[in-house]
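These notes are about the structure you will find just below.
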Amino acid sequence: MMIVVMKSDATIKQVSAVIKKVEELGFVPHLSQGEERTTIGVVGNERRVDPQVFMVLPGVEDVLPILKPFKLASRDFKKESTVVALNGIRIGAKEIVVMAGPCAVESEEQMLTVAEAVKKAGAKILRGGAFKPRTSPYSFQGLGKAGLEILKTAREHTGLAIVTEVISPRDVDLVASYTDILQIGARNMQNFALLEAAGKTTTPVFLKRGMMSTVEELLMSAEYILSNGNGKVILCERGIRSFEKYTRNTLDISAVPVIKKLCHLPVIVDPSHATGQADLVGPVAKSAVAAGADGLMIEVHPDPEHAMSDGAQSLRPAEFAELMTELRQIAHAVGRSL
Amino acid sequence: MMIVVMKSDATIKQVSAVIKKVEELGFVPHLSQGEERTTIGVVGNERRVDPQVFMVLPGVEDVLPILKPFKLASRDFKKESTVVALNGIRIGAKEIVVMAGPCAVESEEQMLTVAEAVKKAGAKILRGGAFKPRTSPYSFQGLGKAGLEILKTAREHTGLAIVTEVISPRDVDLVASYTDILQIGARNMQNFALLEAAGKTTTPVFLKRGMMSTVEELLMSAEYILSNGNGKVILCERGIRSFEKYTRNTLDISAVPVIKKLCHLPVIVDPSHATGQADLVGPVAKSAVAAGADGLMIEVHPDPEHAMSDGAQSLRPAEFAELMTELRQIAHAVGRSL
Amino acid sequence: MMIVVMKSDATIKQVSAVIKKVEELGFVPHLSQGEERTTIGVVGNERRVDPQVFMVLPGVEDVLPILKPFKLASRDFKKESTVVALNGIRIGAKEIVVMAGPCAVESEEQMLTVAEAVKKAGAKILRGGAFKPRTSPYSFQGLGKAGLEILKTAREHTGLAIVTEVISPRDVDLVASYTDILQIGARNMQNFALLEAAGKTTTPVFLKRGMMSTVEELLMSAEYILSNGNGKVILCERGIRSFEKYTRNTLDISAVPVIKKLCHLPVIVDPSHATGQADLVGPVAKSAVAAGADGLMIEVHPDPEHAMSDGAQSLRPAEFAELMTELRQIAHAVGRSL
Amino acid sequence: MMIVVMKSDATIKQVSAVIKKVEELGFVPHLSQGEERTTIGVVGNERRVDPQVFMVLPGVEDVLPILKPFKLASRDFKKESTVVALNGIRIGAKEIVVMAGPCAVESEEQMLTVAEAVKKAGAKILRGGAFKPRTSPYSFQGLGKAGLEILKTAREHTGLAIVTEVISPRDVDLVASYTDILQIGARNMQNFALLEAAGKTTTPVFLKRGMMSTVEELLMSAEYILSNGNGKVILCERGIRSFEKYTRNTLDISAVPVIKKLCHLPVIVDPSHATGQADLVGPVAKSAVAAGADGLMIEVHPDPEHAMSDGAQSLRPAEFAELMTELRQIAHAVGRSL
């Protein structure tokens, strides 16, 4: 794959001519219009084309190969950090964005209680699973469409944006019709049919790193979404599997600066799934903000002891509010807001 | 979940009465008719029922809880080893069954060449991917339906049974209409929508262990298929991810006796994906047979240097034939045939 | 093992009587005199004794078992955090303590240059290896005693305290005669002969977690030092081995709050060995302070390109100075100083 | 490092001249006299020398660099497999050699009982720990010198050779004066001071792979022993650490053919420590022989329930005898004896 870099004074007409040429040659053009430079990605399956074909076009400054296995996701393709905007929220900008809520949508009352509480504490996005991927076929699988309705109600009451998981390509349109952000969970990070389906929507996608996946594989999965036309991808580090047994997973904190270096997409950290223990969520959340994360996803439940899933790692609303105050200090210390 | 164990002299009518009772109570009955004992699994989501309800029925000997998280997959539910029969082949019986063929279906010529060669060497099942799950969206994704047609032709020419992968719930019916065995790959081991769809067919399912999944998680994924009504599940150990970098993955040889101990389903080992190197396939294949595996899946390609995927780990037909001769010795040494 | 908890108004004489009783019974007493309570650990090899033997003694409030496998290292034995004091530095107190310097001592000039620079930037302790444990017998093994002399000179010039590694029980006394802190490296974390030898000195010990050791094993190794009589142990998280290949190791950031919860000893983080890349050291160092670490160990080299070992992960003095300024902000945000 | 390959008709005098030249230049010569060719390794710390210096000497056929990080351990240095001979036993030859015995030496009676039993079943070497490296300072640490005396008695009674562990450089001479083979355990695989001390003896060394070490690191540790002058090194795969929790460790079966390919030293497999469960030892032992291992180390205890360590993974003498019969079948199937 190559990128065609336009001169800083290139005209719209010249850009269009390049795009047309890319299409004529049977490739898919991907336009990236940054403040500093406009580039056009030339995407196609492994087939080769002579760079000279583009070099001779007016307004073209350079034609560069992208050597990394991920292309549209790489900083080589797009130098400027991507900001995913939705409902007046800007993920990837100066402000740290916090997503909070219970693991699973259990009832309207539960969701409204949590939604009010996390909003008051400063969260901008409400999380809650309606379709739950569970290791056992006999465990609670989520409320399904009824859960989506409850999320919709919570959004109407609070104005919070919504993020919820989709676990099958078949449900992508349904879930996208309710939610502001489609979540693809860790177990589905390499469910390529699901990635493609999400890539064909215009809804922002929240892509969690598989517990068994390298950073490079995460970026390759993002590439599936991007190359299908959806540029609004938010990445999430949520802990990987290691030999250490004290925590549920091992949060790979270095993944935050690594991804920021290799890739222009925003990065969120989920300390709840990473640690599996409520009393570790705070310290780990703080470390994530200090390391440069663009946001956090934190599990909050009004009554963790009776949660239908993941109670042990959920904060109570009061604990969450206190943590938000502490996180604000860290955010300021690294030149950000919350 | 519980199992109802029938007396050895229980009548069909008594068994039917138990099944009817299970259904009346809103549970799903799963019948296991072994040579030594007949049992009925009482499956339902976490709800409880008093064992006495079944104990009082005529012909019932005992009602036992299954404490393991996997139920229908466990030896507690079914003591005798399951034999999956198809096309006159019996997987899980005395004979070691070998599945062989290229990673991907590339052309009819390629498949017919390989099919003839592996048949001659003693393989019973032809493998070849028509739908390929690839880390990169720009890599060869398989020939799709055209690949299925080629597999069908190869079966007609050779009489070999066919195993091929399905990567989306949407394609399950299509692939099942062509293949003798539906393969669910390592990356999809926890794609629960796919497991459910496969569980609703009557086609045998070849389920590969995820590269960072525990044996227990593999058995839980098998449980998804079994609890949806499809009892013909074949498990596959294909290497897990570790820190060792010399091999592509680390074959967990102990998983073979561990699974045989916990679970009644047949176990196949894939030394090609485990090692990633052709010259290691032989020693590892032999170790698998010695450890008690019921079969092997081995990649064979007529021209590994030019394979569209996984060439480095593919054997040439002549190497495969030689290995089969060596494997026969090991099979005999552990009281089996090949 | 048990701990005898004394009443808050117990006399010194009563404490002495308990200690005497412990010794009479063939156990080793370990005294912990906190501000709130005085406890005596009763340590011996798996042998049992009736708690009543101590309950009846005057001044004794309670006798409690310690159920965790680590005893003297646990918060059950000692509730208050341990502060290791040396050269006017207090590790484990409010101030974040930074150890900095090159991987290996290469020359006097190199050490003096680095020592002046890191001191100016705010480091309190100078690191540098004189005995280097190297994977290859053909790699530079350190300057040995000559390296210790150089460290001594650097201390005299700058007033910085010194930390340097010891790799054999035979060298413990020699190294202890030069250094303020004995370092036991990751590869030697379970070199029990070395732990015992260090436990018999009175020099503070800096114990690094093995790259594939659990937190529990780290605490068990600390227990070897503590039970041999040396209570001045400082723990270090320096990254564990995982499947992720982008970084040299995977820093287990959760280990910081986990250790602080289970254990009273100070915890230091080494972002240089964890990441293996200079440009990741800053973000990871910040995350460690935010997560509650008591200090950092950072590699600094005047000329990383020509370092004899670990150049790729070393900061230049100017980069280090800039990082220290940023770290100060984070320290303040979590109520600490630097 | 380089190797000087002599012509097939080179004279002893010509070989001596090369060795003298190597020494004159300040390098250490390592002679390898195979049936097919004689080579001289030129070993020195990273310093370079012009190959021409040796090419011009009479009898020299070629001078080759060894590019792998391990040199004397590599097949590049020595093509023929090394056979370590002791007490009439040849490890690395056609016969599979079995080492058996309890984890720890507990008493003379225990050792004599086990020794007689394993000898009768066909074992050639008796194992038993006198110095035990234990995670906890409070666990049984072995009988020390008294344990060595018991091993000596058992050897006198049965004629079996002895293998026992040494855990400190200080004890190397003592243990070597009793044992036929010095064992260096997994936790000490990178205890370089211990490796050097063992490398300076003439006693064969049994080097276990660290549970956190790659194959390459194992070979580098062997290189420490070889480069110190002791060529009698036997390698052992005993399971590595992974995320799988069912077994104590994950036996890396592929390591057997990998090591045989890269290195000329014999390879032994320890299924007892790898699995941690007696009922898995048999299948895994068989897999090791099938994969090409030169021998096995198996824990046998007369009364596993009351063993002072590792009882759960120990076979009873009768179980061991039965396994030996089964192993003999596998050995024959791969062209070896037992």
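Labels A, B, C and D are assigned to the chains in the order they are written; within every chain, residues are numbered from 1.
Rule of thumb we're sticking to: a contact is a pair of C-beta atoms (placed from the backbone, for glycine too) under 8 Å apart; a residue touches a chain by one contact, two chains touch by 3 or more.
The structure presented is a predicted model; accordingly, all values stated were derived computationally and were not measured.
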Reference subunit D; chain at largest CA-centroid distance: A
Pair joined by the larger number of C-beta contacts - A-D, A-C: A-C
Centre-to-centre distance between subunit D and subunit A (centres being mean Cα positions), rounded to whole Å: 50
Subunit A-subunit C separation of Cα centroids, rounded to whole Å: 38
Set of subunit C residues in contact with two or more other chains: 212, 241-243, 245
Residues of subunit D that touch subunit A when the two form their complex: 241-243, 245
Sites on subunit C touched by subunit D in the complex: 1, 43-46, 69, 71, 133-140, 167-170, 187-188, 190-194, 210-213, 217, 220, 223-224, 227-228, 241
Subunit B residues within the subunit D interface of the complex: 212, 214-216, 240, 242-247, 250-258, 261, 274-275, 279-280, 282-284, 286-292, 326, 329-330, 332-334
